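Down below are the structures I want you to see.
Each of the next two complexes has chain A plus one other chain: chain B in the first, chain C in the second.
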Partner chain A sequence: MTRPVLLSTLLLAGIAALGGGSDAWAQSHGGGRALAPGVKVEVAPAPGSGSAPAAGKVDETALRYYARIGDGERLEAEIARLRALDPTWEPPKDLFAPQPTTPGIDETPFWNLVSAGKVAEARAAIAEQRRKSPSWQPSDKLLQELDLAESAGRIRSASDTKRWQEVVDAAAANPEAVACNRLDNAWRLAEAYAELKQTDRAFDTYKTIVTSCPKAKERRDTIFKASRHLSPDRLRELTALGATANPATGEDYSTVRTAEAELETGRLLERLGNSKAGALSAADLSRVQGIVRDKQDADGAIALGWYFQKQKNFAEAQSWFSQANGWAPSDRAAEGLVLAYNGLGEKAQARAAAAPWKGKSNRVDQALKAVDPPRGPAGGGRGGPQGPSELDRALARQDYAACIAIIRASIAKSGPTAALLQQRGWCLLELKRPSEAEAAFAEAQVLAAREPAKGGASAGGASAGAAVPRTPSAGGLPQSATLAQENAYGQAIARLATGDVAGLTRDLPRANMTAAQKAEIRASLMATEANRALEDKRYNDVLRLLDARKQLEPEPRNLGILRGWALYNLMRYDEAYDQFKAIDDRLSTEESREGVTITWKTIYHDW
Partner chain B sequence: MPETPPKTAKVRALLLAALAAVTLLTSGCAGWVRDNLTQAPTPWRRIQPTALPVTLPDSRDFPIVAARMRDTGTVYKSYVVALGNPTVLPGENRLTVDVQTLPDSLFGALVQPPRVFPVPLYTMETLTETTKREFPDMRIKVADGARRNRYGDYDYVTAQDGENSCVLAWQLITDHKRTLPERIEAIRLDYRVCGVGSNIRALLAPFEAMTLTLPETVLEVQDLGGL
Partner chain C sequence: MTPSRRDVLIGTASLGLAAAGLAALPAGAFAAPFDAAAWRRYADRFLQPDGRIVDTGNKGVSHSEGQGYGMLLAAAAGDRAAFDRMWGWTQRTLMVRGDGLVAWRWTPDGGVTDRNNASDGDMLIAWALLRAAELWKTEAYRTAAVAIVKALEAGLLVEHAGLTVLLPGRDGFRKGDTLVLNPSYWIFPAIRAFAALPGGERWGRLTDAGLVLLSKARFGGFQLPPDWMALDTAGTVTVADGFKKQYGYDAVRVPLYLAWDGYRDPYYFRPYADLVAKFGGSTVPATVSLPGGTTTQVAASVGMLAVYRLACRLAGAGGDMVTVPPLAPDEDYYSTTLFHLSALAAQSLGIDP
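For the complex of A and B:
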């Protein structure tokens, strides 16, 4: 099997985008060959080879090195490259016999350094060798690999620091650094074009990859990468090309089409979350329901639940939330279930659905307030009937703007109560107005202290002044928080949202909260700190914080990804791979796939 | 008899030099922390409104709810003033102030943190993205002409729905001839406010009436005509 060797046109695709397409470029330079309708890839000669070398003169250094270390994939690519240079050339029969590249000097240590990414060390070792043996010259291939590795390093560094124009410049300076065997760099180049708003060039770069890199997995990964930057139409075009252009023997390109289907499902689920009622067509809705059922996707079921809940189709919503809770019990599913039952007027069922999470999950406790609202003028009327009030209905449909408006009207009419102000705090938090939310909780706190008799029942039904037994959060019985504790907890959540990590860490030990609430806030603080540590490149600190956090709460998916990158940056590649793989096996997302791919490529030097 | 004192002095000097070298080397190893940490932003910390480098006019609709600040290296100080929001719309009303000072040492000049705000402050793309995020489901309009506050011209966007109006205004002060003191390289202001009704001027009034109160005097532009 031969494979298209170089992707110098990844860059030229950009030029072509300006100058009328890659066809024109390839034709004007000769040597371009059609790969697919509208796509041509230039097979670039090796650096320094102005014309094809005479038979028997090709540099086999790299070939022998790859044979020696048993890197079959690169060996194959090198054979193809040498054949492109000299069609009469045949691989030597003694390829696997040990042979020093240059009599007396074995280049293996330098190649090992290059393979390990230690380019500066390799240069230094070569210089040292030349000092010892002035007549010795490193092979052209070795020098070429060094140049390539340096260019690749420049591309990675510029891309990591978002210096997009430098990515393009570095790739232009050494087009071989963005070849199929350095696919990550090609992706980075495409991303750079996209970030520079040169979408056509980004598309052309992706197109060159999916039409010339032979591996189905690489094409599939490219589709996922491209999905961040290209419109659905262009992505469809890219997928069609990737699934058909230049097929290689033994590769199954149906996975490329599957990638598009997965992305489409993701898009539909996202629309479910964001859309107004009725925004999804019946066909799309039916399709996404089928996929969610087939995959028993609890997150998808929750998204469907909220979609129907917003349409006030409570029966359908209840069915999907129940389904999600059956597949993977979670407080998110329980929250929806409580509100859906409440919408149906089945309060007993709503309370039963909340029972496993009551006192343990803030979101379920909040949802329960729609079922058993706190006492107050808008919460059903002090001592009045307990039917769903206007505020309850607003909360049930997650209409937080209405919540603010109703509470404002209530306060204007009957004056503030601690429970009303607290509810206002929660609604402001949902509206991403944490500073005002914190003020509302503080105000509620002051009012609760003044009116202990009217403190009202909290989610757990305890009165403001009631003594709460202190039990350890881990493994302990769920605690009911007093109104004062809920206010303190609300203030802490608001402070977290404003980024007041240092102040909150300082005040947390003295805060009047239940042990479970404190543990939740402490876990959130540690997660915030871990994120900050990763930004500061303090990778050991990331692991230290995440380990400590794990003792308080199970690690969520996003922090698992964070842990993977900390391990990766500490060069604990095997552990990083295991971490990403474990997450990816549970639910494959763009982030988990990126982690798996990059660590795999790093471990096997498959850039 | 040959004289010996010079030999003792040499040995002593050598010992001292070796000790100094070892001290330098080991202190470097033991105390080395990644140098970019000093350039990373500190966590936000709350401050009293009186500690802000800006004074806003008293406003019933937009009172100061909270104030926060953070440093990035020794060059940048950033302040966020959270303002009251009389609407039921999502998002905090706020004024953000970033003050960029000149480094006060050669080392500071050599090792500077990345700029905490982009220049230009917005492109059409980033502005579209920001307004979509700040004012979802509202009609957005980029103002054709700039307006002027005490420190020069500024640009703004308006957003409206049936009941409410919002503005996003931004300004980069770099005039060293008159406005800025020598030590300050630039001041960036970003103002986002939503209010009930359709009176855009009322929303912009706090931004136009505010005064900067940095330790060194920031002069106002002379000509306030055209308001």
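For the complex of A and C:
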């Protein structure tokens, strides 16, 4: 019998799982086991494990309640539970017959309040009833439900306000409040132990969850939660337990095992992207490569490409950039590919890799400079047969500090040129110094206006005064940006980085840029605006902006997450879930998991 | 200025002193019944000839609450002359606002120094008047009571988050969308008496809301109500900012008023029994910070212990968990009052002679 563990109301979810007779209940509570270490739940012994309660002592209150409100599913669960308590017990024949008004007090109004989540109101109504009928006592089942709901609420509020000891105390007072069907509370308990530096108890709590809660997804999420509080060794132990202990039929626990690997990949990819981090061990490297390959994760492949590129292992780099481009073609992959081929000395291949993006992607155009250095001072000599200049080599290895130093030396030696100043602007941008970059582009612009036009003197008005055909092949293409356009584009990027959104939006239509450059700036502006709209809680605007942006460029991961939250806040939970899930499936990170988890909990009321 | 009711002058006995006092007493003393003799001793100590009740724990000031308590006790003891003197002084001195409500505070030096009302004082006075009207068959008391009840209804009963609640005073207590409320201003037996008056339906709803709020207002390890709580529009209850975040001299009256109105659900009395149980045979602290749970060095007064004894019995924990010493010769006004009110509540429940 499969049963949705998640029901529409918090409280009755508790009842149903409790009554499920199900694996969830049996496993989390069998033999007095509880999620709070050291605390045992008093549970009626399982059939055959000891003396069964006397027949006729079964509390049928909840059963009759479910029958009365016509909730078949919970009724069935309650029957299973009562049978587990007392195998000789049979459901009453008159369950669906209208009940004669019993001489006691009808508990229906109280149960209705409990079902509606109105716990305080239920307490008030019971107190009022007891005032009127001092001899009456509410059923144990009703009181247990209320206690459970209150304990769960207490754990939540204590944990929200970081009163960790109270979290532990509240869980100890009512261990059912941290059972599998209230997984979030169980996590809060584990976190409380971790915060109280009781790491062993935190581990025990996580361990109880991953060995007793049957759902693979819950075990997997628990591994992710635990990763913040446990050492890698213990996490590995936990994963092994979660992947094997007490398997339930129909659950695939391989996803539990991969959770740890994904966590590790996330960490490794972060390190890959961080130029300051040292080289990875062979084992780590092989692990991350395996996972990136399994998931066909283009972002991961690009990260690996750069990792090898920096080590001047151009062959490996080329292979990963190719891989990325194959899985999901992008100018970022092409950029890397161009530089990797260049490192291998395969210029023709590099140009071929750049071809689909040339004139459309600034990244690729910049990368091409390393392949075919522009003539003139920037080349630092004759270019051509002598191979890339010192500056080109610095750019190819993404050493922007060196770029600045080389340009400074070059200017000191032979004076500034528009091309040199512009390159300085790009390097400053990479170094996250946007204000200086903007100034460099502006200077370049002034200088470019004074420099005599080289070649293409007959070109149209847009290129007048500053047309610098970069490469023989690019020279004839109308799409290729002029130096003036490059400067304008560089300034625009710098202004984006300084946050001058309003000014940029105003000036963009009149700016001297290629259509591709304008589109790229516009896309960035829309991304910035979308972020701002989310902060202002204008969620429909977020979606509008992102949709418009998508027309210009594929949506990157971070904006995909943004889209997810906009959908979530518009209460389009199913779409939000699909959005987060798609991102998470490609590469699971803290932020994608958060989106998936929160949306899932919202949809299934599983707080 | 807010009618903050208690300061640290109350209950100045240190834990050490109080513990020494307890040791000298026979265990399991029964609550002393409130009778004419008890009333005479009370009046001798706290009632001035002009009809003013003196708060000896608070520099000899007087307030609407004290007048209300005094009038209730006089009616319970059948002392009409004293009742009239207190009511007379209250009308002359405190009912100076012009809206039928009572200025809450009077000092020997400055007279009425804060014209704001304190809703519990108004309620106690009106309830005492209703009891007197019945006892002495006097319509004038009843008319006066109804006037106060109507003034309260017009100015202090408000609808918030789907609940009918009582503002603690006419001015202040609204912070944006959030109300600051005092759980101990739910004087349940008084509210029930007002609900029985013609057109008293809103008071009935105030009772309902009180039980709901007290179920929500449970904080910290003992799940105690705060002296002051905040209620937002969503119905969420928190410990109020801007006040001492504690359970203490105000909130100790919560179980007293519940018991007095006949409530017996252990759920509503267990927090106090848990507090007593935690401190076992030694002394119970006078205040507990919320939600943190830090306790003061000051011990609960004799009157507070009397309330705890009652609460423990209703929580099903047994009254003998608490030993209530007899009132000391210099027992202060508040402690003495709580002591006698606990006896009246126990009598009305039929659990004490």
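Here, the second predicted complex is superposed on the first by the 306 of 607 C-alpha atoms of A that agree within 3 Å, B and C clash if a C-alpha of one lies under 4 Å from a C-alpha of the other, contacts with A are read in each partner's own complex, and residues count from 1 in each chain.
Just so we're on the same page, a contact is a pair of C-beta atoms (placed from the backbone, for glycine too) under 8 Å apart; a residue touches a chain by one contact, two chains touch by 3 or more.
Since the model is a prediction, treat every value here as computed from it, not as a measurement.
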Answer with first, second, both or neither: which of chain B and chain C does A:K432 touch in the superposed model? first
Chain C versus chain B, contacts on chain A by residue: B
Give one of first, second, both or neither to describe whether A:E390 is in contact with chain B, with chain C, with both, or with none. neither
Is A:D86 in contact with chain B, with chain C, with both, or with neither (first, second, both, neither)? neither
Just chain B (first), just chain C (second), both, or neither: which does A:E195 touch? neither
Would you check which partner chain A:E443 touches, where first means chain B only, second means chain C only, and both and neither mean what they say? neither
Scan A:D541 for contacts with chain B and chain C and give back first, second, both or neither. neither
So, does A:D500 touch the first partner chain B, the second partner chain C, both, or neither? first
Residues on chain A in contact with chain B in one complex and with chain C in the other? none
In the complex formed with chain A, which residues of chain C make contact? 208, 211-216, 218, 220-221, 261-265, 267-268, 291-292
Residues of chain B that touch chain A when the two form their complex: 34, 36-37, 40, 43-46, 65-66, 68, 82, 84-85, 88-92, 125
Within their complex, state which residues of chain A touch chain C. 119-121, 123-124, 126-128, 130-131, 134, 150, 158, 161, 163, 166, 169
Which residues, counting only chain A, touch chain B once they are in their complex? 197, 400-402, 404-405, 408, 431-436, 438-439, 498-503, 532, 535-538
